[in-house]
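Worksheet: one structure, shown below.
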Amino acid sequence: MTFSFGNRKQRDILLQAVFLAVILTMLLIAVMTTRRNLEIQGLSVGWSFLNYATGSSIVFSLIDYDLDSSFARALLVGFINTLFLGTISVSLAVLLGTVIGTARLSSHKLVKSIAGVYVQIFRNIPLILQAFFWYAIFVNFPSPRQAIAVQGGFFISNRGIFFPMFNIEAWYLLAAIALFIIGSVISVTVARRTGRGSSLVGILISLALACIIGYAGRLADTPLFDMPQPKGLRFLGGGTMTPELGSAIVAIALFGASYVAEIVRAGFLSIPAGLIEAAHALGLGNWHIFWRIRLPLMIRRILPTMTNQIIWLMKATTIGIAIGFPDYFGVVANSINHSGQTISLIFLLIIGFWAINMTISFTMNAINRALALPGHKK
Amino acid sequence: MTTSALAIEVDGLCKYYGAHQVLHGVNLTVKPGEKIVVCGPSGSGKSTLIRCLNKLEEHQQGRIRVLGTELNDEIDNINEIRREVGMVFQHFNLFPHLTVLENCVLAPMLVRKIDRKTAEEQAMTYLERVKIPQKAKNYPGELSGGQQQRVAIARALCMKPEIMLFDEPTSALDPEMISEVLDVMIQLAQGGMTMVCVTHEMGFARKVADRVIFMDQGKIVEDAPPADFFDNPQHERSKLFLSQILGH
Amino acid sequence: MTTSALAIEVDGLCKYYGAHQVLHGVNLTVKPGEKIVVCGPSGSGKSTLIRCLNKLEEHQQGRIRVLGTELNDEIDNINEIRREVGMVFQHFNLFPHLTVLENCVLAPMLVRKIDRKTAEEQAMTYLERVKIPQKAKNYPGELSGGQQQRVAIARALCMKPEIMLFDEPTSALDPEMISEVLDVMIQLAQGGMTMVCVTHEMGFARKVADRVIFMDQGKIVEDAPPADFFDNPQHERSKLFLSQILGH
Amino acid sequence: MRAETMTATTEIQAPALNDSLLDSVRRDYFSSVGRTILTLVCLALILSALWFLVNWGLVNAVWFGTPEDCHKAAGACWAVITDRYRLIFFGLYPYEEQWRSALACLAILATVILSCVPFFWSAKRLPVLWALGYGLFYFLMKGGVFGMPVVLETQWGGLALTVFVFSSTVVIGMPLAIVLALLRRSRLPVVSTVTALFIDGIRSLPLLSILFTAAIILPLTLPGFLVGDKLYRVIIGAAVFFAVYQAEIIRSGIQSLPAGQEEAATALGLNYWQTISRIVLPQAFRFALPPTINQVVIAFMETALIVILGFFEITASGNAAFSTGGWKPFHTEVYSFVALIYFVFTYSLSMYGSYLERSMKLGLR
Amino acid sequence: APGDTLKAVQARGALNCTSSDGNFEGFAEVDAQGNWHGLDIDYCRAVATAIFGSDDKLKLIPISWAQRFPSLQSGEIDLVIKASGWLFSRDTELGLQFSMPYFIGVTTFMAHKDLAAKSLADLAGGTVCVAGGTSTEKLVSDYIKEKKYEVKVVTFEKNTEATAAYFANRCDAYAEWGPIVAATRATSGDPESHDILSDALALEGEAIVMRQGDDNWVDIANWVIAAQRIAEENGVTSKNIDEMKANPPNTVVGKLLGVTPGIGTRLGLKDDWAYNVIKKVGNSEEMYNRNFGTESRYKLPRALNSLWNKGGVFYAPVLD
């Protein structure tokens, strides 16, 4: 068969081949240029630096780390920090955003306008400036010696917020919390889906299991709670939220909430008015309509947008670098400076964020699929 | 519920959207067990009228008494009325995140405080009456339009209303599905339900209506038994409308 | 354009969406000037069939000849056919960002390379023919459904096509507007245009169709003059369908 | 058509049934216990916020003076702004030439404002407008013509740099976004898959890491003649990032067109480019307008991130303003001032966006 | 390109040198008019003047601490003059080359007075703010570890943020290189409320940093520094330089100022380069005084940074 440009199928094949060729050539040129440039400067790209000691310290770490730890360890610290900061601040953003988004549709005009002002202010100022601002607030708390003591063993100072902690090994604690959350979610869903049984039973069972796990991980010979005690310039015991972590959380949560609020509001507004009317016509009260009709429908409608928003907020954790929180990006940037391994480290940075994203999209899509309504078209 | 000689009593009803008046002093009475068909050109205020009857819209002037209770601003009063008045919409408005059965038991459980088991049993009898019990566990999205509309009727019936309002229940349906919905409605009418029904299905009107009401520009122009209305319309506008509808 | 004894010639047409076959060997011929009405239940493949005729859908087996040219993969050939075949859709599909007049002159100017002035003059004559010249400067959003559909017909006519395809042109319209569109179509038919028309307007079919084609499950089940089809349908399925459509 | 009349008319007041102001206040704010509590909490919130702001920002504030004056006062130290506003606005730009920087910002501002006027919304007018505004900006800033001395990019700073990075991001990013969106929608599976991979890949990275890569990796990977100034590389990075997000917005704009639009154009015999340029894109842009404006606002705010790469945009010049001359303790005032500048820009843009959204709901369809 | 940095710079017609991304007191700071000042900036000007005869072809590129070496490696800048210490790891692993140091200092700490701390040992449980990615960070971390102090190091992307955090009481102490600490304290608005602690960490020499493999380029950097010291040793200043050139007091000055030819060509420069540098930027003493000493806001004594014959540690190689 001879080739003819007028023939659609043949032309399509040709176009695709050209497209691929152009892209591959560009990639090839980039790789070759890089090699040559590196060679000229006598630099080598490799991974051996990962085992060298960093010689620098990291102010916030959930796992053991010191000066002699390797770059690999430092990167792990940064990655865990990003996950930690991201999980907390994004969850808070979603919760707060849902409340504010709902408030924006309130029939109470004051509530509505406060929510509106909130959204406008926090949406329209760059996150990095907000982070600077909250950081300034956090470091202007009184010094540890004059720390504000709050009932129940909490202390607020410019070195951070100190709070009581379980005397339970970290991993056990984590497992217990995860188990409780997952267990409750599953039992609520199952109860809803089947319409049989009470979700309370399931929640109680998972709570009991969580307690057992927590008991197994208890540190021997210690009280259940580890209370922070003032001592000199610091507090001993308990948990600490450093100003860097605290202000990063507050900044991202408040900033994110303003975006989430808009999504939630749009989600509520996109529910066909007819459904709400039908609910009214059946005699359902506002409270029931909200929990049984509007909320579940809103959640389903916003899930895809919310996935993007969560990913976006997760990426926003990189502003940690501006206020000294050692997130993944910050640790990578610092490591580049200390090791000079720019290319390898940027590669690791990209892989790290891809991994985070994949996980989020995967989870959210799974949730989306689980909640998807059979036969319901978008 | 106070019993009364009249199921619905509308007197000088005026309704505005902003400055735009859509109902101009409508008067209407419906006796218990009566079946009324409302028709008229698009925008004439048919939907607005029947939506005022269960207070989905607020009226500005005139009075509406449903089952002997006057509709006013008290919330208790509204919900009491809505419990007794079922409504079926053009676009079904089933709750897409609930199964057919859940759609039917939701309101009885939450509003009438019936326990789930009784509510489900009762829902199944109504689903059987609309000939769709086998879809109880399906979601509305999995049903055809005609099936959805029949579920919507069953859902309204589960509240055991005294009056049923229908707003063009068949106009969003494909031609073949219209009859299955009309069949259910006819059966319901024959069971003695009080019905106010906006529709352009003239076959249905002829068959079951006690009176046909023709509206135009927010007023009731003609109010007559179907035989008179179809064969001998009094007003120019009704004539024009009938010729267009029944046309070709 | 080669002239041919037949305007459209479809031979053993099969069409798949993925693995799902929607047309099962359809055969159909349309002579120049002939008017065909296609009907059948939802999902039977009516739209798919007429969309294959101007290659909005690609077919997998069988051959289609339109105005003597076989539809194949050559791009020139496709564009030439589309120029000669006008199409009117259920949902009008007017371009909302262009005025009525711009809607009508766009394709003649871009495809037929007519200058704006001539194109506008010609468009006005067609707009007059569909009785809507006064709306030339309006945007589609400002028109009623019936008016929009008439503009859509005018827009297709502006390309001076030899064949017109209609896909349920009245089914998205309010009852009162149907007749104004049907009137235009009847007038067009009387003007001698070759027409293939998917519709459930049986009055129209009776009046203008040379043949009625009844499709079911991707096959042509019955192909008969309207008088035979309506009064004496041959097949069970056609009978059932007719009873549903004309029912109540 | 129904929705249209609804939104159009609900604004007008109905002849209300016996409803006085007092009644409506009572109904809206005090009709139940919950509502009353809510009202009181809200009032307390509003009043205390106002009280603090007025006291700190106005009553006890120092407007002119030295750091010493500020140390004594209890309120805000606006003196740092009045003393150093030129540094904040113009950064490292040569002192005598700063009028050029100011004019240049005005040029871009005018361009942005003009492009909000529907008259300019055409494929011909908008590019011309931007080419003019942008060219004016560039010549004013860079100089070398009409006897204005040359000022290198490394000396650009403050608001002008922010504005430059922002407008270049949009000017380069927007056409790129269109191209990406069309490629992603391509019928050809290879093309659409590769583009989708590219878009999703970039989208999953933080902007900071892209800027970082553009600043320090690109020079290694690009042939020498392509490297260019760091500023331009960073702009390209920001533009690509903007484009991948914007491409998805345009794509969903295209998808929200009824499928019939493209079919109707095809059925009329229009070819691919005619369909895209005359039918699809003009409509897709209308659908995409609100999210596009949102994205533009985000792009504007994200220019603040280049401070981390060592550029002297407005956040950094703000930093510089308070970190010498004894103004160190007064960063809050500087940050508030910078935040206010951002807010004025972004808020007016988002207001315009929601205005458009409302007017489109009325106008279209 | 390596081996030809000078040629590349001349062909480009501009020298790309680092400036700061914020303020680094005494070394690189912006004034209210947006002009750069400081010792590092002066060295950039000196190198530019040596090459082009004046400093108007100097391009000062704001670069953060974290990016200075990557930017150097990528060819974005020709040399880093950004208070960068000469460290073994940088010299070897990063593929960098250092000139002889032009400034030395001891890393010290400043702490809030109300803590009444004499040394870091008194700050048990406290925190120290430092700029991240710097040699200070490494030195301080090592020191704390070695002494087993219970002090936490808090790092920031920029020095500006580290000092801001210290002043906002985020940290009990601030660590930087001595002169900077002193300057920061002097300009804090309230110097009395901050104490310099007794701890003195390793002496660190700051040098001009270049890519490895271009010896001539390193020579230029070294001899620019050297020329200013030779000038100071011989009493040549920017003010008297024209008299000196008219009749050189000795052969060294004659060579230095290009009266006797030869100083330029062997570096690939013109013979009057050193003359230009001293005329426009000054000798090493003038540079110090302008940025840290008597003529500056900081008024720091020169001490170790003096020439050997005035009690310091610096000297010039022999110009023969």
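When the chains are written out, they are named A, B, C, D and E in that same order, and each has its own residue count from 1.
One rule holds in what follows: a contact is a pair of C-beta atoms (placed from the backbone, for glycine too) under 8 Å apart; a residue touches a chain by one contact, two chains touch by 3 or more.
Protein names from UniProt, one per chain: B, C = General L-amino acid transport system ATP-binding protein; D = General L-amino acid transport system permease protein.
Only a predicted model underlies this, so the values are computations on that prediction, with no experimental measurement involved.
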Mutual neighbours - chains that touch chain C and chain E alike: A, D
Each chain counted as touching chain B and chain D at once: A, C
Centroid comparison with chain A (C-alpha atoms), farthest chain: C
Chain whose averaged C-alpha position falls nearest the assembly-wide average: D
Higher-contact pair (C-beta pairs counted), C-D versus A-E: A-E
Approximate Å spacing (C-alpha centroids) for the pair chain A, chain B: 49
Separation of mean Cα positions, chain C and chain A [Å, integer]: 54
Chain centre separation in whole Å, for chain E relative to chain B (CA means): 87
Inter-chain centre distance, chain A versus chain D - centres from mean C-alpha coordinates, in Å: 24
Shared interface positions of chain D, touching two or more other chains: 216-217, 219-220, 307-308, 331
Residues within chain A bordering two or more other chains: 37, 136, 321-322, 333, 336, 342
Overlap residues in chain C, where contacts from two or more other chains coincide: none
Residues of chain C defined as touching chain B within the complex: 41-42, 174-176, 178-179, 182, 200-201, 203-204, 207, 241, 244-245, 247-248
Touch list for chain A against partner chain D, complex: 12, 15-16, 19-20, 23, 29-31, 33-34, 37-38, 107-111, 114, 120-121, 123-130, 132-133, 136, 311, 315-319, 321-322, 329, 333, 336, 342-343, 346, 349-350, 353-354, 356-358
Complex interface listing, chain C residues touching chain D: 54, 56, 79, 82-83, 85-87, 89, 91-97, 106-107, 110-111, 141, 144, 155-156, 159
Complex interface listing, chain E residues touching chain A: 1-2, 65-67, 69-70, 73-75, 89-90, 93-95, 115, 123-127, 132-133, 137-138, 141-142, 145, 152-157, 161, 165, 168-170, 172, 211-213
Chain D - residues contacting chain C, complex: 1, 258, 260-261, 263-271, 274, 278-279, 282-283, 286, 363-365
